[in-house]
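Taking it in order: structure first as structure tokens, then the write-up.
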């Protein structure tokens, strides 16, 4: 029944593409979706609110991937729809009366060099990444496979209602969630299912609803000063390195918040040129998090004020750019309970769990939040998979038995939602 | 010839008064000046530009000294003229054709507790300060004595021209120089003589012209935030102690200047209340200096910007108040040479020196600058005096033999200026 | 039945004494306890582990209170036992077989000037503080009254077992809890009851068990450098103000902790002398807190390291002294449930609550922790009282109806513990 | 007479090599020197104190230049002597009785891409750099040419005494001066001449003695901490970026020095990896300078202490490595006066200047200092040359007429020194 799943997952695995550059991936998805009788298929720009993209690469970063996809055989109509870095697609089954149910999967790869050794199954069995330096090291190849299979299963069933599958680009740096959530297809979704494999949960375990992802904002700051000779005219410069150092020290000193957990980090600094030059330029990469979106926003406001004031203090300017962001959204217990009950009856599931804490950030929360704010219900489920090494590492791999489990849990949950409308 | 000098100096020594509170001192000066036939005597407010005062004490600080002066027998007309802390006076001899020559002496005491032991001559010979906690510990008692004696000598001579003696209040914290310089009597002065005793130069030495005083600005900064409970709501406060700490650290990091020496110091901090309260209030006392007035101004501008930005960074406000200031002004070599030549011929002088570096700050530079900017010449002379301990300490004392030397050097310099008009 | 309670509370209210200076208070307690037939009464030094005191005042601070107590009529034997600031006492009823139960009340007043106006009952009815500037503004007068009355009630009952009442000094700055917990009378206590009135809970409400006090450490840090003239030799000094500023900024930047809530604050700074002196001395008052004792200890370690390194950075030394400390300890649910059930049946109680969060720090946690670590149970109960203004303010007062409620709840809880031994 | 100078300078110009990689350059020098009858020629390692090298490149940086030199035809014996980056050479004429005179020239090129356009004479006339990205953009090609020509001229003259020419490698980053000064050939030099062309002085001008170079120390600091996840375990890391920021801020706050001018700058920072990682690694490039070597050393000591303490403060380590250094040394007036007088008589010189301030740093000061400390005299002369653009830029070029002037001034100065022995 689930025979083609491995094969399809492996074909995705061979061609990982980074965020907003999933041109060939989208083409593969479109070809697969067209084999199902869907009522609507929006590709690229049309699938999203195009102005809401975040963490968008430069034209120089986009171009080679666009060309590579073309050479690899991507369809020209898909390339046209995605040109400029508007990747991904949304498929809709419109089957009359019934609930509007959504499923969200993500599609991008990572800048990880895949392991070439025999101990790594993709290398051993010949489906290792053909894009050197890129890898599906977080299971998005599995997610796409599952998304397509659920679409097929629902299409072939007697489902009535509306079923929408979001093939979301650019999850890794948090860039694709918002344009999907603000786009035309999020509206009216009453029940949203999100799915992720693994995350240290073994094959056979299913977590029906993740809780407490941290709201996050990832920022790039550029401090701009003026250079001068450090020996001959130190007072003539406006020292961007001093401004940066002051901002960094003070950022960590943003006060703790009585309403809950917060975080702040400056994780990368690059500044100046040589020891005898007052630096005119310093760039930092930073992030703030909060137990709630409100706490994250409070941290962000403080962080921006610190950067601006630190720059002023040294006669510099500071440009704070939001690279990407994700709100907090929790799984709704009613929907999670339904998924947990379904999982209990699925073959291969030996540990159906209700909820678990997330401890990290995910931009699926944009879609979840949009659905919840409109009165709908959402859950973010984990389908366990034995993985030989951690996510985001060269030896990461999924246990393909979990593909069928995921398809069953999701397909049956959709059926159950239609019947019970929790 | 100089017989009354010691006696007069001792009478001043007994009644030291602090800056802008020299009410009784001014009364003593007025009584002495009235014994000379002066053509004009301006007392208190009339002697200065009253709005230009700096480092002015509060009404609470003024009141007890005003009352004490009245009880001690200060003249009511003098008290009226000085009320509100406008002390000091200016005496003018207007003797027809000739140069306009000025002499500046200062009159305030210091918050130093005078030594009571027998090794200290004022204690041993019965003229120790009668104002506990206050002391003429920098020789201003000698300066007033010399100023009066020179006034008498010039009045009794055949001097022709105008001779003005400035009895300047509030030198110690730099508050009285500017209102004298901006006041009605500085205008038209063509030659200005300033005098100080001691400064580590022994009796018999005379330095004709001091050089390179540092321009200085003394500032008080108040950071105002908002308090909150450090355990229950740390994020609700605006932490004035954080703002202060940031400003302090950054103040010292103002870049060195290629045009010359600069200085910065935060010398006093007082902030907050208790460990469990986010501080709403922090106050610092600071100063900047520069080899030139321009360098000092540059440091001041940077310092103010740092305080403002550090406050903003923490959601606080910063109020930067100039407490007092003094510019840089150097002795004119023509006038210094004249004084040096005169000194060579004065009895008791065995070491007439041309110039020496000052290394500190003095607000006589306001008057010097005013005269120089109007095309006149100024010099700041030191008349050496053996002093048993450093200025500003409880055992400081002057060698009274230097009083007559000072009177002679200045009187003869005035005579020489009239004749030679350098 | 509870007729003498108001009178006794008012007699304590008239003579508030600050931490470790409760000489007269202890004398009053001893006199009252001696009217009950107790089996053991330890006064002052004997009641505690004397070397474990924290936040101890200097001899200069102790002396006037010792003299005042003597003049007011304190018993000489009590003064002898308390000399040097070892105040408080412990009373024991030893009634054979049965559980060992403890009750802890605190006895110190606060440096608050009591309101003198008619709207304030103590002023209106003539029992306002007779020690100007001191006040029982946190209800410890009520606590002592309740402690004595419970002692009397248990003594008169057919109680069997051991009952120990701790009259603990020096609670306000967290100084007396540890020496009581480490002293001879904490050993063997199987059930510990602690009590506080008010805390924003109205008369008629009883909270059976407080939870989540923050562990806290209150520290004083002295930075010692070397002074020099800020204009003439800035490089010769070791700037204690720079060291302090660096430590302050960095203290707030101690990283957030993934295991729970932490806090840090520098609430008071005093440093340096004058603007033209590189400061040789800076003193700060600070605190760290943690959701657990372990988190507080982690913060304390980081804070100390920061002070030491900041001092070294500027050629200074740093002396970090623990002023006082309190661990985290929570009420045991078994014991809290028992108290809640008892409260339900006490006349005057209309709202018996199980638990509530504390949100602040209390040094009763030392005794609670000692009992719990030895296998016993402890709870910290609140007996509500209408109070016209907040604790620690001049118009604070207690509703004396709550005194009887407290006595009943505690006495009956002791009876119930004896019977049920939860 | 000076006909071969241009040709030789152009042959050097074509093959610029960077510091410690002047393998082919040294081979060219050796060939030229062997045409003169010198008494001693030390090449590479033997010419210096090999352990005193500074700013030494890694083996990876050395290797390609070594290979390139071999391919270009460098002599194998020279390559052997220079292997491992011990480049440069020293030639000695030992002509019996007479003074020991030294001449120092430098030989390294710069990482500057030479201009290819026709406006640039080396491009137009076919002697542009054949090493892409490298250029003789500071005139060291001219210096070598002059050094060889003076050697020839002295060799052909009736000079008696000892004459040593130092062809010093690695001047640009200050790496070669110390090993030359500490090496075998600096000993016994009684008169040292150093020479530089240009520096904004036009053809026809000669400055006989440069003054006040700043003593300088160029340092690299690596802060090593421990990484952790910024969201999930911020307290587990040791944040190298916080350590770096603290060190940077405090470095600028090193106090001003009363003895003279100082400088400090952090000109380059590179740290961390990504926003969600507590950085384990931060590297900075910094420098300190001082009006005297002592002031520079004082700054260096303070800077190191700050880095170490800032690291400790954040649980990190700091490794402070001296990249290169140069002391202060001034030209001796006796020798400068001699050179100025000589220059007055040299054809082509229209402006013989005595002294000028340097305002930058130079590692010739090592040799000057060594000579002066042993009782000898040294001077650093500038031979003006019209240069179309600044030193260190792609269009820099020298006016070749200045080559002959330099040779004449130096040769005649050597003759005059021999005769007058100032």
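The chains carry the letters A, B, C and D, assigned in the order they are written, with residues numbered from 1 in each.
Here is the rule we go by: contacts are C-beta pairs under 8 Å (C-beta built on N, C-alpha and C of every residue); 3 or more make two chains touch, one makes a residue touch a chain.
Predicted, not measured: the structure shown is a model, and the values here were computed from it.
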Comparing A-B with B-C, the busier interface by C-beta pairs is B-C
Farthest CA centroid from chain B: chain A
Compute the distance, rounded to whole Å, between the mean C-alpha positions of chain B and chain C. 53
Between chain A and chain B, tell me the centre distance in angstrom, where each centre is the average of that chain's C-alpha atoms. 70
Can you list the chain D residues in contact with two or more other chains? 232, 234, 239, 242, 246, 249-250, 252-253, 255-256, 263, 278
Considering the complex alone, what residue numbers of chain D touch chain C? 232-237, 239, 242, 246, 250, 253, 255-259, 278, 298, 305-306, 308-310, 312-313, 315
For chain C, which residues are in contact with chain A within the complex? 249-250, 252-256, 261-264
Given the complex with chain C, which residues does chain B contribute to the contact? 214, 216, 218-219, 230-232, 234, 239, 241-242, 244-246, 248-249, 252, 263, 265-279, 282, 285-287, 289, 323, 359-361
